[in-house]
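Each of the next two complexes has subunit A plus one other chain: subunit B in the first, subunit C in the second.
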Partner chain A sequence: MTPAIRRRPFLPLFVTPAVLVAVAIVAAMAAILRYSLHAYVPGSLDVGGLTLENFSDLGRPIVLRALRDTVLICFETALITLIVGYPVAYALVRTRSLFLKSVILVTAVTPLFLGEVVRTYAWTVVLGNSGFVNATLRQLGLIERPIQLMFTELGVIIALVHVTLPVMVIMLAAALAHIDRDYERAAQSLGAGPVRAFLTVTLPLSLPGVVAGFTTAFAWTFSAFATPQVIGGGKVGVVSTLVYQLGLSSFNFPVAASLSLAGLVLALGTMWLVRRAARPLEALGGH
Partner chain B sequence: MLSKAVDLSPPASLPGAAVTDRPTPAVRLDGVVKRFGTVTALEETWLRVEQGEFLTLLGPSGCGKTTLLNLMAGFLEADAGEIFIGDDLVTATPPYEREIGIVFQNYALFPHMSVAKNVGYGLRMRGLPKREIAERVAQALALVKLTGFADRSPRQLSGGQQQRVALARALVIRPKVLLLDEPFSALDKNLRGAMQVELKEIQRRLGVTTVFVTHDQGEALSMSDRIVVMSAGRVRQVGTPDQVYRHPQDRFVAGFIGDVNRLPGRLESRAGERATVAIGDLRREVEAEALRDCAAGAAVDVFVRPDHLGVRPMGEAGTLPAQVAALVYQGSHIDLHADLHPDLAGSGRVVVRMPGHGALATYAPGTPVGLLVPQGGLVAFPPEP
Partner chain C sequence: MRRGLSTRLLGISGKVLVGLILAFIVLPALVVTLAAFNDRAILSFPPAKYSTRWFTRALTYRDFQTGLWNSLVVTAWASTIALVVGTGFAIALKRYAFRFKAGLEGVLLSPLIVPHFTIGLGLLVLATGIGAARGFAVVVLTHVIVVLPFVIRSVYISLQNIDERLELAAASLGARPGRVLGTITLPLLAPGLVSGWLFAAILSFNEFTASLFVTGQATQTLPVAMYGYVREFADPTLAAVSVIYIAVTALALTVANTFLGLGKVLNVEQGR
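Take a look at the complex of A and B:
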């Protein structure tokens, strides 16, 4: 036995599951990498010889548009989730009422417990032309013809914000809970009203949480499939739905695999850029 | 000498009437009450903090001292009563309009701002011109001997330096009142003493009215102009350090301020302001005020400081019979623990504080001794119900 294990006998017990998961992920990634490097044989699930041909297919306009739209949709979703989630997280952390705390927490976290498919179809009921939103607006006399929400980017983003919100709220709440209330009190005693105390003290101190929440929301949205597939209805092309079409409609596994890899690189690259841009902000929040 | 006792209860006349014959206090609490749910954190409290005074709120945790501080600061709203800062009624004024400076227990320095930005924060909130801010920040840093630290981050400072920054930040706005919330509790013992002296010096030089919250009676005695002793949400006594130390008004104050021994006694007689109590065969005079509800012959508790007792041979005049239980070496002095003779009803363990080290050789455990009880410096209270 190595000294590390003798000192912490529970170590193998904890590490083994992590190793198994890691091996499974690496194996899956390796399979995708293998597919992406082999030629597509039309009409067959088998692949041909080694080639880089698949990656040149990624230059086609439909693929480029999907990559661009994916990044935009993820960015917009993460931003809207941040704007909606921050006040919720703030209220969650700061309220003294236990009842209110529970209500906020349950409401904010529920989307995580609904299955993705159930949640997505629920949104089609809400967003459809005779759905809840349009029916209400029409009853109020605000609109004459229904607003098109299904099969639009707006509809997809609304549904994505809903499923991303729990992650954002939990991450922001964790960051806000670490900020000592005395900072706000000190600011107030020095003459800052509640709004200025928030803007000059609480908000800057919570920025590391904001960055973490934003990048996580971004990655969370990037991998969404059922929502853009069902709500977008084929009219909103993102990487995940395009991979699905290529792989399971055309059985073109090699190009689907290379697009998956491109998406992965794009997601990681964008997150890296966001974190890098936010690095000066991160330094603010240390305690 | 105990005229300050008037602060304990509502004045007989209207509260406003008291103001005319005394200068406007820096802070005045008129019948302030604070409850949390069904718990009364602060019972009806009447208090004046005089201009330029260093007033200490002293008591064990949960006594209501922090509640009182937060009421003055405006972080809590009173359930009844009025609070004045100077001439202004501030009962419903939010903290950011009260013109107060606070040094928090953990200092609460903004970690994302430099020392200078921290100190200048209150001035920026007041919209002062940049040049004036820079000047006043430099003055404040000089005051706390931190010139040259302006561009540091609070994280790069020691605990003592952080406290100086917090003090400079609170003082730079020229507050009407400076509130200190257990500011020394995070410092190690040596630094604490030095910071206490320095803080007191700064306070005296600026003449800023200061309300200081602590549970440490040593700090309270050494720094305060007056001490407000609190327990269980009530003000027990208001007085100078000497008054609360030598003339405690109830048994809580007697037990909380300084070390104290309790001797079993009996009320013999009362004459005007003085009363005679019997402790064993001894007769001693005490103040009668605290014993006004006791009948002659009633059991009373007599309190005496360890350093007021002396040790003599057994049987000497003016002594109580006892037996040495232990000697505890304390460096500058020795604590002799002795058991009173069992014939003394309600007797117990008594501590005598002896200067010098001769006692170590003279009084082995088990030695019978006489405890010399002084003629003065005793206080007596009715026994606990």
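Take a look at the complex of A and C:
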């Protein structure tokens, strides 16, 4: 008798709800595409005839600047997050104490589940002119006037690093956890010091995780809205804040839609480039 | 093995570095907690006088009350629907071969990469097109889409831990597929289902960007109400709400962790 499990019982029951959700996702993306190709009728949510004008609207300096700044901010954030996240991931995987392991895990991961609004607000309290950093520095007598951190790119990047750090730690730790430690022991028994063993064995072997973490951090930063909006305070224009402005303040759905698409293409393109550029590097650590 | 002084120094500086980074991670939560119990409306560190008046104001502020209620309704619906949809799909993904499997998986996991503001805008224009904008149905659908990848992952990982021979044994003893599913597969999956549901609930309760696009005055969720508040007022009421948020999220995560190790869900446990 063929076991029942091989006959795919309930397949339609299992898959149909998922198909419905997938249809909604595809329909939403199709709606964006449709709006991006139709003319904007001021004062109305309906659209006019077919046009490519929305995309040529993207050539305006303010939009180009936002696109460029977004890619730069995402790149810087992903890079800093990588450098800050690596030691934490390493400690998480390598510490022998179970207690320390769970402390690191819970500390590093809890912010992942806290929404952007809570975290962004918390950072305004830290970075503000009368906030934690400035108050502490002033009491220590290190500064007289507050350092301007709110409404600056630096402030936005600090908060964004904090937002993307958990996911970076998770992806790096996943890669590090699957490295066979015998390779490292072999290098050390052949006379390599811990630094050399790390640089020539562990680091190259963890490169797939580095690339995955970097691209995910890039995508998350690209998606961030509350952080650049609140901490940037209008001084730091990125794609997400511009889409919001166009879509919900001016109700210009067509241009908002074409900017979303351009942003998506730009993000996917950059991530693809990063992966490609990293391929020769990964070959170094190939198995 | 003999450990030289330089190796020991390296170890110590590594520990200090990791400690500093962890401090950076928890800093905002600590600072916001301090601010929430500060008696004065203007932020100052350290607070001169402590009080719980901002908690009282947070709990009695009308927008937060309706926002909380809306959030609870949306979260309950979205996490439950996502659990049903995600469980079925994870089982199909793990066990069966079917047409368009990879394509369907790609579409359902795409919210991990497609920015939430794009998803929100797409669903807003879609809903506007069919005259359902700003309704609860669209908000719930948006949340289902955004949290589904995490449910699929949780359930899929628990499925990997189930010994399929138990199902085969039940089937060979004459149990029909429905009985195998109800008495073997689903009970064995229970920890994965609970943690998947909890993850979905936590993420949905915290979701903001996509919600900002699809909610209206009557349907705004708590994070959207908080965003509205931060733009208008600068007192520590929001710090009080944040503290409540942080406490609830940490509690829910601890519960999820006991049902199914976080390390396992996040795939960060050392293999050997």
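Note that in this section the second predicted complex is superposed on the first by the 263 of 287 C-alpha atoms of A that agree within 3 Å, B and C clash if a C-alpha of one lies under 4 Å from a C-alpha of the other, contacts with A are read in each partner's own complex, and residues count from 1 in each chain.
Definition applied: contacts are C-beta pairs under 8 Å (C-beta built on N, C-alpha and C of every residue); 3 or more make two chains touch, one makes a residue touch a chain.
Model, not experiment: these values are computed from the prediction.
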| item | value |
| --- | --- |
| Partner chain(s) touched by A:148 [first = subunit B, second = subunit C, both, neither] | neither |
| Which of subunit B and subunit C A:56 touches, first, second, both or neither | neither |
| Which of subunit B and subunit C A:204 touches, first, second, both or neither | first |
| Contacts of A:11 with subunit B and subunit C, given as first, second, both or neither | second |
| Touched partner set for A:193, first subunit B, second subunit C, both or neither | both |
| Dominant contact partner of subunit A by residue count, subunit C or subunit B | C |
| First (subunit B), second (subunit C), both or neither touched by A:180 | both |
| Shared subunit A surface residues [contacts with subunit B and with subunit C] | 180, 193 |
| Touching residues on subunit C, where the partner in the complex is subunit A | 7, 10, 14-15, 17-18, 21-22, 24-29, 31-32, 34-35, 42-45, 84-86, 88-89, 91-92, 95-96, 98, 104, 107-108, 110-119, 121-126, 128-129, 141, 144-145, 148, 164, 167-168, 171-172, 175-178, 180-181, 199, 202-203, 205-209, 212-213, 223, 226-227, 230-231, 238-239, 241-242, 245-246, 249-250, 252-254, 257, 262-263, 266-272 |
| Footprint of subunit C on subunit A - complex, ascending | 1, 3-5, 7-11, 13-15, 17-22, 24-29, 31-32, 35, 45, 84, 87-89, 91-94, 101, 104-111, 113-119, 121-126, 128, 130-132, 135-136, 139, 162, 165-166, 170, 173-174, 177-178, 180-181, 193-195, 219, 222-226, 230, 239-240, 243-244, 247-248, 253, 256-257, 260, 263-264, 267-268, 271 |
| List of subunit A residues in touch with subunit B within their complex | 180, 182-183, 185-193, 196-197, 200-201, 204-205, 284-287 |
| Parts of subunit B lying in touch with subunit A, wherever the complex brings them together | 73-75, 94-102, 104-106, 108-112, 121-122, 125-126, 155, 169-170, 173, 179 |
